[in-house]
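Each in structure tokens, the structures are laid out below.
Both complexes shown next keep chain A, but they swap its partner, so chain B is in the first and chain C is in the second.
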Partner chain A sequence: MPPSEHVHWLFATGFLTLGLFLLAEAVVGRDVWKVRAWRTYLWPSTMFMLGLGMWPVMVFFTSSTLHMIAHGAWAEVMMFAGAAELGLATGKLQSGLWRLAIVLAFVVSGVGFLAHEQNPWFFQRSSFLHHLLGWTFLGAAIFPLGRAVRPRSTVFASGFALAFVAVAVMLYTDRDVAPVFGHLSPLAGPPRR
Partner chain B sequence: MSTQLASEVRTEARRSARLYVVSAIGPATAAAGIGWALLQPYRLTLLHPRGQGFWWLFVEPPLLVVLVGLLFHFLVLPGLVTDLEEEA
Partner chain C sequence: MRRVALVVGFAAALAFPTTAWPHASLEYQTPDFRQRLEVAPRQILLRFDQGVKALPDSIQVYTRDGTLVSRAARTAQDARKMLVAVPRLPRGAYTVRWHALSSDGHVVSGVYTFGVRVAAPPPTEAYGASGPTRSEHIVRWLYFAALALLIGGIGFRLVVLPRVVPPALERRFFKVAGIGAVAVIQVGIVAFILRAEDALQLPFGRLLYGNLAPVAEGTRFGKAFIAMTLGFTWVAALLFLAWLTDRRVLLWPALVLSLTLASGLSLSGHSAADRGSSWLSQLADWLHLSAAVLWVGGLVQLAACVWPLAPELRRDVFLRFARLAPALIAVLVSAGVYLSILRLPRLSDLWSAGYGQVLLVKLALVSAALAWGAFHHFIVRPRLDRTSWTRKSLVGESAIAMSILLLAAILVDSKPPPQPQSQRAVIAKPKLAPPSVSPPGASSSARSP
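After this line comes the complex of A and B, so read on.
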């Protein structure tokens, strides 16, 4: 089994991919992005696959009930949001309210991060990142919300894309045990590189 | 300059800017990965593979960033550029 930091890096790669797709869509505009059908499925299917990939993480990498619930919740909301966006992309779902699924995913993800981190911010790097990721998801939920209300807004679309890029960067900086800004609790154990 | 001509020039400039920005996404991402590899070469365990386990050799974060940038640039961008140009 890979160390948990490797799993974070793999998910970071998925979120980075997601971010680039959304950023490109924000830059060229939705009409150009939609010219080829396969492109409209790119980010929703990536999101769905990331949700699917969260299940084995939930099963094999969680060390407590709280961890398991948080990872399970992420898997569910990511799959739900990906499926809703896929439904909208194919035209099988018509109501724009389905775009709120990704808002739900952001809020649940944020709460999940904050709820399952039991240590304070400067306990060690992963604790810091869990707090930061939680608040980032909660704060950045304004972007998918704005995108649901104003689908053609470049600001909301760009913010939505960059939120995923920011999440990817945070996940890439994760280590199993490492100091954060020089702080490392002796209770965290010996630091790794 | 007529209003119509000015409007066309503005639209063309906007399209060129979009083309420039979207074309830069892949290379910028790959450059970030290369920059990371240069700053933290010890993250690339392929450079010192002795004694490393499978996962340490398989998951190389800076290379993953470069890979994402390259895949985007070579798989997604070409069609996007064509469609953006055809929009004109």
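After this line comes the complex of A and C, so read on.
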């Protein structure tokens, strides 16, 4: 099995790609972005594929039940949100309420991060990141919510995109056992590098 | 106000996890999970990624009959290591149950097995595991029902329904099959956790931090869980894409993949692990399951989708399904009879063994379902345009079929009666080299204290 941080970096790349697609859409505006029809499917399909890619993490990293459940929940909400957005993009789904699927994904992801990290903020780097990621997802849920209500708002669109970029940066900085702000709990064992 | 307080309280609980909640993860252990040792170990050593504190009973080593052979556990000089001394262990299988205490009193736990000059049993058959419970029967039944909705639904759409159907019927089909796909994944996860809970023998709070790796990696059930979970997520994706793009052709790979994945149950159940099992018993088991889910799923689609939403298609679809159903039932019954003979070598087992009694009830229900099917075939079919109660009758047949799946779930979780001595010797001989090694999952003695 690869170290968990490598898996986190892999997903960071996925989230960065996703965030950049959304940022590009926010910068040029929705109308310009939609000139090429395939662009509409870019971020939802990336989200769907990221959800699909999370399942191997769930079944191969079974060091604790909670860890398994959290990764399963992320896989499901990412697939669900990606599927809902794809359905809206193709016109298969009509109700705007489906836009709330991504809000649900943010909330579930945030709670998942906070619930599955049982160490305090400064225990080690990964603990700090889990707390930060959890609260980022919960706080940033306001952006997809605003985007569902006001689809043409640049603020909500940019915030939504930047949330993914921020999550990607946080995931890139993940290292399993490394000091954070010069502090490492003695219970965490020696730093690995 | 109360709601606000609840929300604030919840947020605060998430923001401030108690000041120290470190919990350790097991990094390695000697002996290893399910390791077969030629020389008895003098100690059991567990190494964690963080420091732990050992209590005297933190590592307990049991023989197959439940005798505790380990002494008091202690933390090693390296606080991340915990060990326990054991006397010279005689040949046999052993269960290690461990729990490590972090400085805040938070406990992580696990179980695994090893063997001294014998193969170790899977952790699901470790000493202390009680075997499948009623909850597991229900969960397995739900799993079968979900498989029927998914596989039977897709098969029905591809083989029985015409290429183009009314949009409402198409939507309903995707809803039913989609529910099946989601349920297969969810129920599979619940089934895995329940099995692990039984092996670990932990209350729910501690189960959350239980190490499931020995169950996932060291048992046929765990490997089937991994393959089936991953595979069915792809089936769900294919089903979704078929709906999204209106490409019916994508349902074919979904059907083939899901039928292939269903073999995971046959490759990890009685037909693969019990004495007397062979490729033929596994094939029969897979055919039995596949025919059953295709038949039941087809009935559900007929009653829940075609009848209420496409009156113009009722006659054609009913006749097509009536042509397919006898073939499915023939496969179902032939494979079932073969498996029954294999698992119940004596006729008297039918009424004297628990497994046989459940099978007897199942056979009675199968007979009722067959009679119901014959009634549809010979009585309803010629009068299809004149009867108004056909849907209710189809619902009734579906309900009986679902109850057969429940009994099948109980049978899968039950242990068939032992083979007669002479037959067992003949069957076991080629497998036992050296003679003391039992195939994984063959022995039930390790299960009961």
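Here is the rule we go by: the second predicted complex is superposed on the first by the 192 of 193 C-alpha atoms of A that agree within 3 Å, B and C clash if a C-alpha of one lies under 4 Å from a C-alpha of the other, contacts with A are read in each partner's own complex, and residues count from 1 in each chain.
FYI, a contact is a pair of C-beta atoms (placed from the backbone, for glycine too) under 8 Å apart; a residue touches a chain by one contact, two chains touch by 3 or more.
The shown structure was predicted, so the numbers you read here are calculated from the model rather than taken from an experiment.
In this overlay on chain A, chain B fits alongside chain C without clashing. Touch criterion met: A:13 reaches chain B, while chain C stays clear of it. In the superposition on chain A, contact of A:39 is made with chain B only, not with chain C.
Legend: residue contacts after superposition of the two complexes on their common chain; A:2 is shown touching chain B, with no touch to chain C.
With both structures placed on the common chain, the touch criterion links A:122 to neither chain B nor chain C.
Once chain A of one complex is fitted onto chain A of the other, the partner contacts of A:98 are absent, as it touches neither chain B nor chain C.
In the superposed model, A:29 makes contact with chain B only, not with chain C.
When the two complexes are superposed, the chain touching more residues of chain A, out of chain B and chain C, is C.
In the overlay built on the shared chain, the residue A:60 is in contact with chain C alone; chain B does not reach it.
Superposition on the common chain A brings chain B within a closest Cα-Cα distance of 19 Å of chain C. With the contact threshold set out at the top, not one residue of chain A is in contact with chain B in one structure and with chain C in the other.
Partner chain A is touched in their complex by these residues of chain C: 14-15, 17-23, 25-26, 49-51, 80, 102-103, 106, 108, 185, 189, 193, 196, 207-213, 215-217, 225-226, 229-230, 233-234, 236-237, 240, 243-245. Residues of chain A touching chain B in their complex: 2-3, 6, 9-10, 12-13, 16-17, 20-21, 23-24, 27-29, 31-33, 35-36, 39, 42, 172, 193. For chain A in complex with chain C, the residues that touch the partner chain are 48, 52, 55-56, 58-60, 62-66, 68-69, 72, 75-76, 79, 83, 86-87, 90, 92, 111, 114-115, 117-120, 123, 134-135, 177, 185-189. Listing the residues of chain B that touch chain A in their complex gives 18, 21-22, 25-26, 29, 42, 55-56, 58-59, 61, 64-65, 67-69, 71-72, 76-77, 79-80, 83-84, 86-87.
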